[in-house]
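Two complexes follow with subunit A in common, the first pairing it with subunit B and the second with subunit C.
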Partner chain A sequence: MKRISKKLLFFLFLALILTLAACSGGNESGSDEGGSDGNTITAWAWDPNFNIAALELAKEKYSGEEGIELDIIENAQDDIVQKLNTGLSSGTMKGMPNIVLIEDQRAQSFLQSYPDAFYPIGDYFNKEDFASYKLPPTSLDGKQYGLPFDTGVTGLFYRTDYLEEAGFTKEDLTNITWKQYIEIGKTVKEKTGHNFLSLDPNDLGILRVMMQSAGAWYTDEEGNINLVDNEPLRLALENYKAIMEADMVKLNSDWSQYIAAFNSGDVATVPAGNWIAPSIEAEESQAGKWAVAPTPRLDIEGTVNASNQGGSSFYVLNIDGKEKAAEFLANTFGSNVEFYDELVTEVGALGTYTPAAESEAYQVENEFFGGQQLISDFSKWMEEIPQVDYGMNTYGIEDILAAEIQNYLNGKSLEDVLADAQSQAEAQFK
Partner chain B sequence: MKKVKRIFTYLFLSIASIISIFPFLWMLVSMTNKSVDVTQGKLLPGTHFIENVKGLFNTVDIGTALINSTIIAVITTFLTLLIGSLAGYGFEIYRSRGKDMIFNILLLSMMIPFAAIMIPLYRFFGGVSASVPFLGIDTLAAAILPTVITAFFIFFFRQNTKMFAKELVEAGRIDGLSELGIFFRIYLPTMKTTYAAAAIIAFMNSWNNYLWPLVVLQSPENQTIPLLISNLGAGYSPDYGLIMTAIVIATLPTAIVFFVMQRHFVAGMMGSVKG
Partner chain C sequence: MMKKIVHIIQDNNLFIKIFLVMVISIIAVSIFITISSIRMSSNLFMETFSITNTKVLTQIKDRFNTFSYSVVSTSIKVDENGTIKRRLQEETSNDIEKSRSYYQIKTQMERIFAEIDPNEANLIIMSLDNEIFNMNYFNWPVKGTELRNHPITKQTEARTNEIIYQFDQSNLTNNIPMVIVSKALTEHSTGKIYGYQYVSIREKDLRSFYEGYTSEGNNVLLINSSGQIISSNFHQKIGEKEPKLLQTAKNIENQGIEYLNVNIFNEDYLMLAEYLPTLDMYIVNLVDKDKVQSNLVDTNEIILISTLIVLIAVFIVFLILRKMTVSISKLVNQISDMARYQFTKPLEETGGYEAKKIANSFNYMLNELHDYVEILLRTQEKQRKAELEALQHQINPHFIYNTLASIKFMIKQGKKETAFNTIDAFISLIQNALGDVDELITVEQELGNLKNYVLINHARYGDRIKVNYLVSPDCLHLQLPKLVIQPFIENAFFHAFTKKKHGYIQILMAQRENSLVCEIVDNGDGINEEKIDRKAIGMKGKRQLFSGIGVRNVHERIQLLYGKNYGVNITSELNKGTKVVITLPIIEELENQK
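For the complex of A and B:
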């Protein structure tokens, strides 16, 4: 009895091995799988109200000669990053989409890590039509891989009632420096009791906003980590410390608390990307009490009152259906002013396609923001945003810096903080 | 004195239970509130429940996700229990020279994080897709297969089998039962509590499994519940009322499975500790 079952087991095992061998045999031929069959192409993006809605609109507006059917698949951004990394590192390309949305600050790490995975689409549209700051993150070695999509152009959202109560007018907040911003903040806190802004100590978004307004980043043009001799970063850190020490910050630890800080009326300003506007508008009782000023700048030669936070672009994967995918993008996001018009009115998404700025939809007055021509203002500031190469490791470097900044706040000297962060980052990413 | 001690015991236990129940309570309350109220930490039930449920069913296909999650969880639980118990039984009952070494190697495999084998696995299923489409990327089978054989459950069943009276195996053999007959007719019925405990753990693991289904399932028709919830929270301005409603719906099945098998679960876990 026992002998028979042993034999049986042996044969089962043999059968299993054979099946596995057969499967791995099929592997060689199946390298360029995935993507489209026929006229259907797939796209991955996140955020149903924003990117997904934009793709749906593009699908509707597509007017090319070829009949292209777009299959839009929604995933959270971190999930897309995870799926892309797994799929692309496995080298099979099976299951990968034709079009994928990637955040600008992450794009270089994908383009440089998987050089053959993406399809250059520069021939399909005119890149001069897009805000110039979008081009370095979306291209590599002179080839244009991404079709620039939304802008993260920043503004200083502020409560007009609180600032008026403290004696400030619109002019006092227009084209100011961060130093002036901090001084105004102190007065507002003193006179009204309201905090001036809300920050998450683990999210250094505000540092990036300050740096980009001076055209600087954690890395230089060659991609070298550049923390020690980085004057804009130094100034940004000094401002950050001054803000933290001025007793005008409402700390938050996650996104919902961040949103709550202004929805509940606790803070007087929100320096953030234009995409925060719908979250501010969600609290209807505050209608008419908000306005947006240009982003403060650094106290240094060559900075502008415009910066960027977030924003993403579309990429085409180098698999079957790539020409169709590129054509679809070029026909909609790449050239259609009417599409951008509807995008801004229907979806509330602001693209980086500059010819659209002249259109009527961009001149609309927003009643929630006291009749301000919000979209028009944002697109003006958008064109001033300095170009920056985000490099490969923005978020990695920032993790290191976030830890060092705590030491800086606790009294460690700025020189040591930057030197230590620099050597840690070099050890980790070289 | 005794009374005072008892008061303190109850006081301590009450505080502890409030702390552990609070997140659930907050989840239930938030289900009835608007997103703005949720972010502001409102703790009283609101009137937005129907809108949240309607909104949820209008924005996402939660029905499909529930069905997918159920299919995956049930099949995974069944296979995990079958394979885990057969292996655990085998390791404990049969004598073999290399047995303990193989078992130790098996336990070592518990140390390898899933992330480390994920890319080879993806490559493997990507290769399978070409020849056996129903097993490849973006199929429920691909989401199930890598999770059904786990060292943990083999270990769990082996430990519990130590309590199983081996004389029963001898008796079965004398009465002419086949080895599989002994397993299914004698071992399985006597180890019911162990199976119940394992079933709860396996079901919960599978139901909440995130990383592998995320990577391997691509199309919305194959989406599972955790993936759906992750999507809901992904926007620039997520609707927290909706998300909480989805989470409550997602929590219900595991809660039901747990309460149905709770009695056996406790008995089964005790067994594994004693063994």
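For the complex of A and C:
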């Protein structure tokens, strides 16, 4: 009897052990934290047709010794800005990418606000190889943080047929001032009835184009808000008012109307960054009717017929895998002429890497623009773009200025406008 | 082979029976417990799950409500904004005026837009000239002319005072599924339309309101009042019309049911629904029970555990039962064998406690029985012996009287010699007859007795019946029980010669095949074979003339003493005579017995 109960106990014990073993069997998977492990690095960008396509190409072209897997993540630009701000201000850096694309005009606000968050990559490539205007926005305190990507080099896109009709030739539009531009516009409007350009009253991009051609900005090199004694800005505003008063503007309230303005044949010129070219080319019925002249300049010493609108650069965050990320960028965007050839032919993105300008792909004649060597011209102008420090508050200052401009257009004196804008901006950003 | 199996089954009958019952009960119990525990846990789970999901649904509803309030509030603000109204209606004569108009509308909109911006929604205002003021071009790059001629705007025109929620994924939205909330901007006094406002939210952003609550098997759908699915984590279902779903949602809402089991998209779901009055839409929560449960209730594990327990229990039962029943079966076998073969062999006391106890008691009983039977046998033997002895000691008084009377007559007649001989024979006969019945005497002594007896009979009845003795000399010293032969002689004297008056009786004694054979042959009347068969040897019922021992007893007595191989055999033929053969063992006279 005793033996049996002993046996029974043993079996019950055995059953218990087996049961416990069966129960604990399921939960063995450990938690796995995200991030760059091994040779995988991540990159954030926003435009699948443009900068993401460029990264894909870079991934393909990468030829470094180390095997690097690039994981490209698409985010809206506003999301990237927001996520970066959230992540960097919290200081955890968790979930941050290795490589991030930042618009040049925003770059300084990040570099200055989070000085330790970015990894200086100046040692990985030769910054002299890039358009000089790209360097100030991408560097801080003498350290190069950004690897310049696309250029926002501007040009004056114009309808050759309309201008011919009004009696103007290519030479009449080459290397002109904004004053001359306005005069031509008046004539064109008068003779053809077509508006000369399209503007959105809420977007002061044209002011920035004008200012940068003179090497000026809303802020000076020290980052001080500089509106009152800013001669280029003063001239730009006068030009702006003159354009408005000439009644030759096709006003638009959003992007689709802006595109429609030239696609429909309403306007004769589009002074804009080179990135507008694909939108112009989209209207195939206008093939051969367009050409690009250098950007008009201001009537002031030291101004050039070249400027910039937009453009962005790659930055490497100061987290694990930063060396690999820098290596990757240097190997592709930082040194590979062949890569830039394909970038311009396959993706249509014009980089700021000057050695690439000599290559054959840059010399190609664009039939839509009447056989003009568009890319070659743009890269030539690109090298002339004056360097400007965009400072931290470009967009904020512009919001203030936009309101004041309305007052200016409605009769307020320029001195008052600038003085008021200056004091508002100082109150807001100091 | 078959027989063998049957035999094995019979041998293990008890074990098989109990074991089967136990196994069936164990399995039945564990199956029922397993099923009911799975059912209970899944019921409990579904219960809590539906409670949680009801709460979740309420939270989602709150989010949608908050969103719709912000949309309504945005709409009212746009509607009531004097600047926007003025600027949309004013006729601009030049670029500067127009620029101011655009600028002011945008500025006003930016202020209003802040309220819905966090939801990733977009605000668009369109003037009657198809000018678009788009707060988030990236979100919805729409062209004024397209929007103006789209059914969405037509609807808005038709229902001027309403805020209309419409779903679209056509070219208008670049095929991106989107909910567009639209309202016509009208002058209150005249009802004249002066513009349109649109709040658009992409399905993707709408989904983020509830996506966090969804999981595999736990789906959320948003359906509008026409049954169209306008948002769901079932991406492929977006835009489809499901009137059945709408009907079910209505039923749930109207009847206040907590949840329903439904079959939708050819699958079974647990369906919960909430009505969003502000949007005139239903949030539907479809829970795939199986999927959700399989994630949370591990049926396999429960089944595994119960199977394991069953196996162990059956194994233990097997061991215990085996131990118990094998010993009992063995006992049964032994007992049944015992009845057939050996009655005396005790049982083996092995196996479990019960079996040992049973075997022990059985053996005890068996021993008692043995003892009892032995005592009984001995008693019977004693009784028989006593009876024989008593008979032997009863020498018939008539014999004595008649013999003595004959002797008296002999003396009267002066036959002194004859009387003397007779009385001499009588004395030795009496002497011999008295004494132990078991006492053995030699053939010679018996012969003497017989001669004496014959002498007395001759003296009394005359010698018309001759008696011859043929005794082999080697027999003389052999021993035999007393009064074995005498009853047959007496029988022959008094019964064999009732018809015939003369005859003889021959007594033959010899050793044959290791036995002593005595033949008493007469040539008298003989008897019927039938009578012999009926064992009516001798005069049944009639008193023996000499002693109590009758012919009838002799055979029994010999067999009692020496076994079945010995005894009396009688053959007879009518009118020819009777032959009695007595077979006895050879018993040598022992020296010391003398």
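As a working rule, the second predicted complex is superposed on the first by the 395 of 430 C-alpha atoms of A that agree within 3 Å, B and C clash if a C-alpha of one lies under 4 Å from a C-alpha of the other, contacts with A are read in each partner's own complex, and residues count from 1 in each chain.
Methods note: contacts are C-beta pairs under 8 Å (C-beta built on N, C-alpha and C of every residue); 3 or more make two chains touch, one makes a residue touch a chain.
Since the structure is predicted, the reported quantities are computational estimates derived from the model, not experimental observations.
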## Note on the structure
Comparing subunit B and subunit C in the superposed model, the one touching more of subunit A is B
### Task
In the overlay, answer first, second, both or neither for which of subunit B and subunit C A:K191 touches.
neither
### Query
After lining up the shared chain so the two structures overlap, which partner does A:N410 touch, if you call subunit B first and subunit C second: first, second, both or neither?
second
### Task
Look at A:A260 in the shared chain and tell me whether it touches subunit B only, subunit C only, both, or neither; answer first, second, both or neither.
both
### Query
If you stack the two complexes on chain A, which partner ends up touching A:M244: first (subunit B), second (subunit C), both, or neither?
second
### Message
Just checking: does A:F50 make contact with subunit B only, subunit C only, both, or neither of them? Give me first, second, both or neither.
### Response
first
### Query
After superposition on the shared chain, which partner residues are touched by A:I276: those of subunit B (first), subunit C (second), both, or neither?
first
### Task
Based on the superposed arrangement, let me know which partner A:A402 touches: subunit B (first), subunit C (second), both, or neither?
second
### Query
First (subunit B), second (subunit C), both or neither: which does A:A76 touch?
both
### Query
What is the shared patch of subunit A, the residues that subunit B and subunit C both contact?
1, 22-23, 26, 76, 78, 255-257, 260
### Task
In the complex, go through subunit A and note every residue touching subunit B.
1-2, 5, 22-27, 29-30, 33, 46-50, 73-79, 82-83, 86-87, 89-95, 97, 255-257, 259-260, 263-264, 275-276, 278-279, 282-283
### Task
Note which residues of subunit C are touching subunit A in the complex, please.
94-96, 98-100, 102-107, 131-134, 137-138, 141-144, 298, 301, 304-305, 308-309, 312, 315-316, 319-320, 323, 353
### Contact set on subunit A toward subunit C in their complex
1, 4, 7-8, 11-12, 14-15, 18-19, 22-23, 26, 76, 78, 199-202, 244-249, 251, 253-257, 260, 402-403, 406, 409-410
### Query
Of all residues in subunit B, which touch subunit A in the complex?
35-36, 38-41, 59, 118-120, 122-132, 136-138, 178-180, 211, 214-216, 218-220, 227, 230-231, 233-238, 240
